[in-house]
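Two complexes are shown next, each including chain A; its partner changes from chain B in the first to chain C in the second.
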Partner chain A sequence: MADVPLLAVEDLVVEYMTPSGPVRAVDAVSFVLARGEVLGLVGESGSGKSTVAQALARILGPPAMITAGRVLFEGSDVLAMHEDDLRRFRWRKMSFVLQSAMNALCPVLTIGEQIIDVLVTHERTSARAARERAAHLLELVGIDPARLTSHPHELSGGMRQRVGIALALALDPPLIVMDEPTTALDVVVQHEVLSKIAELKEKLGLSVLFITHDMSIVSQFATRIGVLYAGRLVEMAPTRELFRAPRHPYTKGLLGSFVSLHGPRRRLAGIPGSPPDLRRLPAGCAFRARCAEATARCATEAPVLRGIGEDHSTACHLVSP
Partner chain B sequence: MRYLLRQLGLYILAAWASLTLNFIVPRLAPGDPASAMFARYKGQLQPEALAALREAFGFTGGPLHEQYAAYLVHLFRGDLGVSVAYFPAKVTDVLAMGLGWTALLTGSSVVVAFALGSLLGVIAAWRRGGAFDATLPPLLVFLGAFPYFWLAMMLLYGFGFTLDVLPLRHAYADTLAPSMSVSFVASVVEHLLLPATSIVLASVGGWMLSMRSSMIGVLAEDYVTMAHAKGLSPLRIMFHYAARNALLPNVTGFGMALGFVLGGSLLTEIVFSYPGQGYLLVQAVRSQDYPLMQGIFLTITMAVLAANFLVDVLYVWLDPRTRGR
Partner chain C sequence: MSEPDQTPPLLDVQQLGKLYRVGGWLRPKHLRALHDASFTLGHGEILALVGESGSGKSTIARLCVRLEAPTSGRILLDGRDVLHEERGHATLAYRRRVQMIFQDPFGSLNPARTIGQHLERPLLLHDKAKTRADLSARVHALLDTVGLVPAPEVAAKYPQELSGGQRQRVAIARALAVEPDLILADEPVSMLDVSIRADVLNLMLDLKEKRGISFLYITHDLASARYVADRMMVMYAGHIVEAGPSDALLEKPLHPYTNLLLSAVPELEGSFARGLPARSGAPALVDPPPGCPFAARCPDVTDICRRETPRPVSLDEGRVVRCHLYPEPSRTRSE
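The block that comes next holds the complex of A and B.
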């Protein structure tokens, strides 16, 4: 079992059923996440990052539907699980830190109730033991355990997000999916939350799928990074390698559009145009219209993800192996 | 707690304002009820009796502020004057006859309709697009869209007359004297069934629809997605995470409905000959019984205010965000 990866996603397809027909939000995405690894998934809004994340535990609500692919967790297919097995799998094996610190916690329940119900549901612990564990979890993320009886609206945004992290750690799951865990926070609080995640990652040896649109944040954490564009993975490489030698024009554009505090001064370059409409994807490469180097081949043939170096793959006709 | 006290203060102010209006409005009308009554008796009443009546109704002819003071004093003593229609019974005694029955009939139907409608709304939203959701809401809205008196009369005709399984009229069997005996309570329930069902049928669709729509909004919230991700049981997600939040906007409507309970359901009480407030109000208007009308309006106003306060208390209990404000 040693060579079975923690998580292997194979040709995942998620479609949104709209009145005018299905829209592919995630198109044949495959990746592997090893134990102890932090895999970053980056892309613009609408690129399908969050959809991938929610598909992993099948928490996507209608109109989204997983129409093809496999999600192998420790070798067993999550997409084939029965309702009961799925409920046991959720949170025990894979927990989530969701995007909006404001809305991920139920406003009418106390922090304690929301941590304890997960403990009681999955571990059948006594209420007292669950309360002690919940208090311990809050301490772990630097929040006074007296806050267990507080409601979400009584906490600041940063505290709420740390409660979200404590909640994700509750069952000590092998994998935590963090979907834009710092997006709704201001920069100072963002830093506070990120350093808490970094500290816990070191201390507990977590495996994390880290989803963000922010290249500078992902570079601090991820061991490898996957770049999503219009629902497809366009490049995947170890973080260092990706920053040193990006190969896909979109990745190059992303890396050119944020400010680095280190290194030489350079001109900030954006990516011209905007992401394509998923309802009317052009034939060929989805990035073609925004790509300065597009050729005739890009208009007719969709590039597939292929290896171009050690642990480095990209989906672009312009890159020769 | 401070929030509730402040609200209570506001309601006391509103109560005072409505009491004052209740005092002023009849005095803006020409004539006075005592003269009206005197005229009705076509000279058979002695002038002394007229003076006594005026005294009883508070139209003493003194300066307004004295009348106002007398009015307030009488009110706090629980003295609302003497009814004209039921002369010489006191208004408070007349009110007491109808109030209990109205509270029982309208109160129980509003509570049942709200609870049932909300529950059905929660289930319909949870299984959105399913067979339950596709059939029940249109059916209940269809029922609610009938003219209410027609629906009530059909029920009365069907169950009371044709099938003859439920009583046709009144609040309890004429052969029984009010007591706490089993047979009397059974008779009250039996008589309550038909009118209460008619009110529930007519209003449950509205409650269901509003609960369904607020529930659908809540189901799209991140905390519900999060609850699914936590692997909680569907029932727990449905009630603890979704329904409790979806209930909040509907509690206000419930409070409003509860407030108008004491006004009685005029049509129900007429169709089923139920001895409640609505029936009394009709009597009062027919015989220009100002003191009784005043008394009825007063109870309605107070009930609306009390219900609003109850909603505030309920809100504090249901929604932690209103606490500590």
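The block that comes next holds the complex of A and C.
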């Protein structure tokens, strides 16, 4: 059991069934997340990052369908799980904090009632034990337990988002999937929520899959980062390595699109063009049309992700190991 | 006071204030969205207005484009008091000079109209084209300007056929149709993907450099503000708390709130371990107490901060700060 990774995703394919045929939103994505690790998945809109997240616990609804691959959690395949097992798996083994978590709270119930509801539904605990646990959870995320009797509208957005994190922690799951957990927040509040997540990761030994469009956020506490483009992983490397020596032209372009607060002002290059339409993906590499270095081979043959160094892999014909 | 040879700035906003009436009919309360805001914007200048949600930055834009009337204060365009001269809504003449771009490029275009039709409308409304051929030539020229090529092909498309970045360029082209002097851009890139933002920001810089168009760039993102803007202003709770040249302001922030905002910005490979100089918290906007709006959170707060609202103080190098830490100098310098 010791050498089985916490989460292993193998060749995951998710397709959206549309009237004009299936659209492949996630295409053969594979990665491993070790215990205690924070893995960042970075991508722009339409890159498939949220679809990957939702596929992991099978919370995707139609028209999305997982059409191939395996999701191994502690060695057992989530995709093959029976509905009853799945219900016990979600929240207890893998929980979610979404961008909209702060708006997912029920407006007519108090914060305490909502946390206790989760505890009582999933675990046979007494009302009193549940209340104590709920108070402890609020303390963990830095909210005064007196707030248990508050309603969601009495809390600020940042506090509600932290209640979302407390809910995700309620059943002590080994893995939390966070999908843009701070995107809707102002920067000061965002900083507070992120430092709370970083602190909890240390304190509780959490494993986190952190999904975001913002490299600067994930760079601060992810151990490794995977970059998604048009449903495929195009590069994966330890965080430092990815920033020092990005190899895929898309990763380079993305890092070059960031404006900095300090240092010399240089004209930003950005990346020309826009992401491809997944309904009409061209043959070959999906990034080809925006890539300055594309060759004839890129137009015909889709590159596959392969290792190019220690723990560093990329999907690009131009990169030699 | 009177300096006849000096040309007035393009936009001169003086002590602008906006209160909204909220609450019940019997016990009305007032939400102070904007208080005593003064600034100028020159020809061919980009001025950034930075603040968090609820800070009043969009209120300034709405007042300047005259979607709403201020509760107090004046707006001068080329030295002329526009609120006094034209009561009520902005006239065509005003809109010909001041245009606005909104945050959401998906909501600001009509899905039933082609891109060409979107651009024809302001041209016709403002009498910018005489003949049918002239009209389509102008539409194509606008699309060329914002880099949407081939123009005839793009003109025939519908908004939903374009990406977010392309739609935002259409919105900019539409604003350019009337050949304005000033464009108010309210978070024009915050809904766009990172790789596409650079394009739109660069387009703003090009329009400034090549056509001398001025922008009021409204954003929550300090880094992009520094990238495009010569000067920036920081807003908190309806107050402009600090203003100055972008680089100087970011190198050495004067106001404690600016300092807080700067330390919270995530930077590539920074760390969340470093603490913030102050906590988050929402200021009271409805019937606010006297004193500095940041007093409740300020690490450097003193007694006077809770009693008196600080007034803007001008310092060297074009910097202005609104904080009791910087006492008002005795009137020695003439400006």
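The rule is simple: the second predicted complex is superposed on the first by the 309 of 321 C-alpha atoms of A that agree within 3 Å, B and C clash if a C-alpha of one lies under 4 Å from a C-alpha of the other, contacts with A are read in each partner's own complex, and residues count from 1 in each chain.
Going forward, a contact is a pair of C-beta atoms (placed from the backbone, for glycine too) under 8 Å apart; a residue touches a chain by one contact, two chains touch by 3 or more.
Please read these numbers as outputs of a predicted model, since none were measured by experiment.
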Original post:
Mind checking chain B and chain C on superposed chain A, clash or fit?
Top reply: fit
Original post:
With the two structures laid over each other on chain A, which partner does A:153 touch: chain B (first), chain C (second), both, or neither?
Top reply: first
Original post:
Who does A:88 touch here: chain B (first), chain C (second), both, or neither?
Top reply: first
**OP:** Using the superposition on chain A described above, determine whether A:194 touches chain B (first), chain C (second), both, or neither.
**Re:** second
Subject >> More chain A residues in contact [chain B versus chain C] >> reply: C
Original post:
Touching A:106 in the superposition: chain B (first), chain C (second), both, neither?
Top reply: first
Subject >> Closest Cα approach, chain C to chain B, once both complexes are overlaid on chain A (Å) >> reply: 9
Subject >> chain B/chain C common contact set on chain A >> reply: none
Subject >> Residue ranges of chain A touching chain B (in the complex, touch as defined) >> reply: 54, 57, 59, 61, 86-92, 95-96, 98-100, 103-110, 117-118, 121-122, 151, 153-154, 167
Original post:
Can you name the residues of chain B that touch chain A in the complex?
Top reply: 219-223, 225-233, 236, 240-241, 244-245, 318-321, 324
Subject >> Interface residues, chain A side, partner chain C - complex >> reply: 44-45, 156, 158, 186-192, 194-195, 198, 213-217, 219-221, 239-240, 243, 253-255, 257-262, 265, 267-272, 274-275
Subject >> Interfacial residue positions of chain C with respect to chain A in the complex >> reply: 52-53, 163-166, 193-199, 201-202, 220, 222-224, 226-227, 250-251, 260-273, 275-276, 279-282
